[in-house]
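Pasting the structures here.
Two complexes are shown next, each including subunit A; its partner changes from subunit B in the first to subunit C in the second.
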Partner chain A sequence: MIVGIPKGLLYYKYNPFLQTFFSELGAEVITSEDTNKKILNEGIKYSVDEACLPIKVFHGHVFSLRDKSDIIVIPRIMQVKKREYICPKFCGLPEMIINSIPDMPKTITEPIYAISKRKLYNWAENAGSIITKDKSKIKKAFNRALIEQKGYDSGIKDENYRLNIALVGHPYNIYDDFINMNIVKKLNKLGIGVITEECLSEDLINKEVDDLYKRPFWTFARNSYGFASHISKEKQVNGIIYISSFACGIDSVVVELIKDKIDEFPFMILKIDEHTGEAGLDTRVEAFADMLERSC
Partner chain B sequence: MHYLGVDVGSVSTNIVLLDEEMDVVEKIYLRTKGSPIKAVQDGFKILKANYNDMKIGGVGTTGSGRHIASTLIGADAVKNEITAHAVAALEIDKDVKTIIEIGGQDSKIIILRNGVVSDFGMNTVCAAGTGSFIDRQAERLDIPIEEFGDYALESNTTVRIAGRCAVFAESDMIHKQQLGYNKSDIIRGLCDALVRNYLNNIGKGKEIIPKIFFQGGVAANRGIKKAFENALGYEVFVPEHYNVMGSIGAAIIGRESAEKLGMTKFKGLNLAESKFTSTSFECNDCTNRCEVVKINENNNDIGCFGDRCGKWSHKIAI
Partner chain C sequence: MKITAPHLGNVYLAAKALFDGLEIDYIMPPLSNKSAIEIGSLYSPEEICLPFKIMVGNYIQAIEKGADTVIIPGSCGPCRFGEYGEMQMNLLNKLGYDLEFILIDSPGDIGIKELFNRIDRISTKSNKSGRQKIKVLSDAIKIMNLIDKIEGEARYLTGYEEEKGKCKKILNSCIREALKCNNPQEMIQVLKEYEMELNNIKLDKSKNPVKIAIIGEIYTIIEPFSNLYIEDKLMDYGVSTQKKLTPSWWVKNMALSPVKLNSLDIKNAGKEYLSIGVGGHGRECIGEAVLAHENGFDGAIQIFPMGCMPEIVSKAILPTISKDRDFPIMSLIVDEMTGEAGYVTRIEAFVDLLERRKVDALSWS
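Here is the complex of A and B:
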């Protein structure tokens, strides 16, 4: 049985878990290629027009796996933290795809509530039973997958740069180099080091969030806000760059919260969509680098 | 010694020649018309005819076509537009605190404090309210772009136009025009709408305090300048060389780089006679499928752009 895992959205965060779980069940796991022009084009062709770029790109990844897989995993991630949610497009992602891409193979779309080991195991039991009926095998695969995930660190923490910036935003915009036009490499080339939210402990993020007048509704908004707030206060970086996909509703809120909190601290938003011409992004990044260079 | 600044923008290509005192000796403002190479060549033709014997001590390029321009002419510095505009404004007046810059496709705000850029903003994916949109509306109303702003000044009352989006603005203008409002009131409404959009979008959360400079091609539009003054309640200054400020900044930065290096990389004014061709192809070596552009001068490849990995752009020594 060939299980396809699309390399889009939260793949960058939870790939070790999914990969290990299905391999341990005895399936042959394949992932799509890194995002590229073909995947982008197919994604735009099949996705509904109103969706954001990362969702469209995910469609492209699924399409590229369609004819190679017996079954495709479309993670319907509902929650990764108690009393918090993630973007609503994730709950409807399987429906969006199944109704947009013709001739889809079987899919695994069980909702994922990753808020406790027990809740997550519910998912593993349901999803695993599609591959095997052997419950002990599912349990073993689940435990192995959890260990792999725990040992995985997706964060970026550059050292030995004179100037540093915090790169903030949804993980799929930060870690997909095609979507963000290789921003990390571009910044490094300009002599700027990059730090991402994974380098900050959960406690420190929570401490910042406690000051808000209400709990944030979205997990990734909470991370972005807490990280930006802490790192600007402690002056651990010289500036903050926020990568936001065009028309993202969550970003529109969190960006304002961050701006309000950090006051005069150097901050820039980069809006990304399906552009492949890099001149606009280059100009902004270079100007930001110049500004930091001249004022630090 | 003289210094050259080249700003290859989406709508116009501007070239300036500065003297030792950083005063403008010559400025050339040409339409890019989709061919940046030809625009630069046309500019150099004019330079060669008048300043063939002049010694050039440093060259800088800026604008969205700055890399291609640098490949063609051999630049000492390749700088983004924000820095170039800020440097030029500060050269003219050390007290500038805010720069409003509206060009063909970009609009920017640059906040300066104590002579350095302390913050800036640029339009995001939307180009509503920039020069090319105004250009298009002028064409549609059959008014020469040079006179467009003056129409707004003739108006006594403003007609409200939606400024959030270029498509909305255009349909709103057409609806108002079909109801019989006169052109100058509609144009004034458009100027107000563009300023409103600029201040709500790019200027949001920025501390706009005098002295305020208004530069870029759109600063020629007196209607927009007036609308800014009304909205902000401050006087807005349009510097003498408002439409070539980017190239002035580039020339100043080019001079600094050349002096640091002790020489210039400038290839000379003969560029006008060279034959340039550009070809593009899709590189199939990996799944990125980059669209690579190759620039050829007199049968020699002089530069490549557009590849992500740098395989092509690094191959040819510029």
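Here is the complex of A and C:
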């Protein structure tokens, strides 16, 4: 059986788990190609117009797997932390796909509550039972997958650069080099090092978030806010770049909260959507780099 | 202390009765209007959704009239509405107003004790006894239910009325007269009179009007200003409309949600298409579309503010429902830039389409 895993959204964070789990079960796992123009175009064609860029790109990935796989995994990630969500669109992702792309093969759409090992195992049991009836095999694959995931570190922490910036935003905007037009490489070329939120410990993020009147209920918003606010206070970097997809509801809130908190600290928002021109993005990044250069 | 709260459809009648009954000083913001949305858009983050902007406009217009305590409604995700409180407090503070905020949040998040603490900050301002307070509160809820019922009936009966425009006239003068009352009992009396009047209206049962269900994001369908008074417009066309999501539905839904008995009909109807809550009222939107078809409606109009996350999910699903059931559904997206002419054209075209489907205008036989 061929299991297709689309290389979009939180694939960049949780791919070791999904890959290991399904291949340990004895399925042949294929992933879509890295995001490219064709995938983007298919995504725009099939997705609902109002969706944000990462969701459209995900549609493109699923479409590219459609004719190659027997079953496609559409992770409906509801929660990765207690009392927190990712985004409403994640909760309804499978429905968006199934109703937008015609002739879909079978899909795995069980909701994922990764708030505890037991809850996550519920998902594994359901998803695994489609491939094998052997419970002990599922258990083994699940444990292996967890170990793989734990050993996986997706953060970026450049060293030996004179100027450094914090790259903030949802993981799928930061790690998908097509979506963000290779921003990390661009910055490195300009002599700027990049740090991402994974380099900050959970405790420090929690401490920053405590200052808020209301407990934020989106996991990645919480991380972005805590990271940006801590790193600007400690002056560990010279500036912050926030990569935000156009019409992202979560970013519209977090960006505002960060702006309120960091005051005059150099901060640039890069909006990306399917129409973003690379030249314009280059100009903005260069201007920001110049500004940092002069102010230090 | 002068309390104010944002507008949501006709809830201001109940709010007025509540504060009148408790004898608490309050300032009602002017009904949502063009300058409210202009003020709101000026100070709000650009990409935030429309309800945020109109609410900020409401607050500031009320503050200009002397309000110093703001009640902010809240929730705890996953839709953006839950973050409104935090952002609106920051925003108003930054504008330099000296205000007290009372954030009414869901007890699941802040704890029932904290919620009562916050409500206490309002109710201690009243000199009434505990029993009287409860009476006033139940009157206010009664008023909300009554006005929702009257509005719903007037909008649905429009298609059947003998004298054109009668329902609209009754509805408008009902709201006008109710607003003149200065205590809850009086208001209930007025509402009941109008309810009677509406019941006695002359109807032409032989008519077969176009019937449209209004579905979508709760704020934009309840607050008439945000949807450019779509229901009034449809009334003028002689179209019967119905919306399930009303303030009284919301209260009932909230009260029943801890035991998971809330809106079972809507949830069941939509199960086939969306079996899991996606935040906001995305799931309800799907269920209502299916219900509208089952209940013999001719079509549905989905309304949501630009960028609304849960409704984008439902917008992706609605075409399937429409195709499966041969049921026309139109999505209208509103924001502060919505132009009325283009909006009206779309509504008219949709009503035309439904009319033609009814009389089979395209067939030659």
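Note that in this section the second predicted complex is superposed on the first by the 295 of 296 C-alpha atoms of A that agree within 3 Å, B and C clash if a C-alpha of one lies under 4 Å from a C-alpha of the other, contacts with A are read in each partner's own complex, and residues count from 1 in each chain.
Heads up, the rule we're going with is that contacts are C-beta pairs under 8 Å (C-beta built on N, C-alpha and C of every residue); 3 or more make two chains touch, one makes a residue touch a chain.
Since we're looking at a predicted model, the values are computed, not measured.
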item: Fit or clash - subunit C, subunit B, common subunit A; value: fit
item: Which superposed partner A:Thr283 touches (first subunit B, second subunit C, both, neither); value: first
item: Which superposed partner A:Lys133 touches (first subunit B, second subunit C, both, neither); value: neither
item: Subunit B versus subunit C as contact partner of A:Asp273, first or second or both or neither; value: first
item: Superposed model, subunit A: greater residue contact from subunit B or subunit C; value: C
item: Partner chain(s) touched by A:Ser100 [first = subunit B, second = subunit C, both, neither]; value: second
item: First, second, both or neither for A:Leu212, with subunit B first and subunit C second; value: second
item: Partner chain(s) touched by A:Arg118 [first = subunit B, second = subunit C, both, neither]; value: neither
item: C-alpha centroid angle, subunit C to subunit B via subunit A, nearest 10°; value: 80
item: Per-pair minimum CA distance [subunit C against subunit B, superposed on A] in Å; value: 5
item: Residue ranges of subunit B in contact with subunit A within the complex; value: 64, 79-83, 106, 116-120, 122, 124-125, 205, 286-291, 308
item: Subunit C residues touching subunit A - in the complex, by the definition given at the top; value: 45-49, 74, 76-80, 82-83, 85-87, 89-90, 94, 103, 105, 109, 273-274, 276-280, 282, 306-310, 312-317, 319-320, 333
item: Subunit C partner contacts - residues on subunit A that touch it in the complex; value: 47-48, 50-51, 76, 78, 83-89, 91-92, 95-96, 99-100, 111, 212-218, 247-253, 255-257, 260
item: Residue ranges of subunit A touching subunit B (in the complex, touch as defined); value: 33-34, 36-38, 178, 182, 246, 259, 264, 266, 269, 271, 273, 275-276, 279-280, 282-284, 286-288, 290-291, 294-295
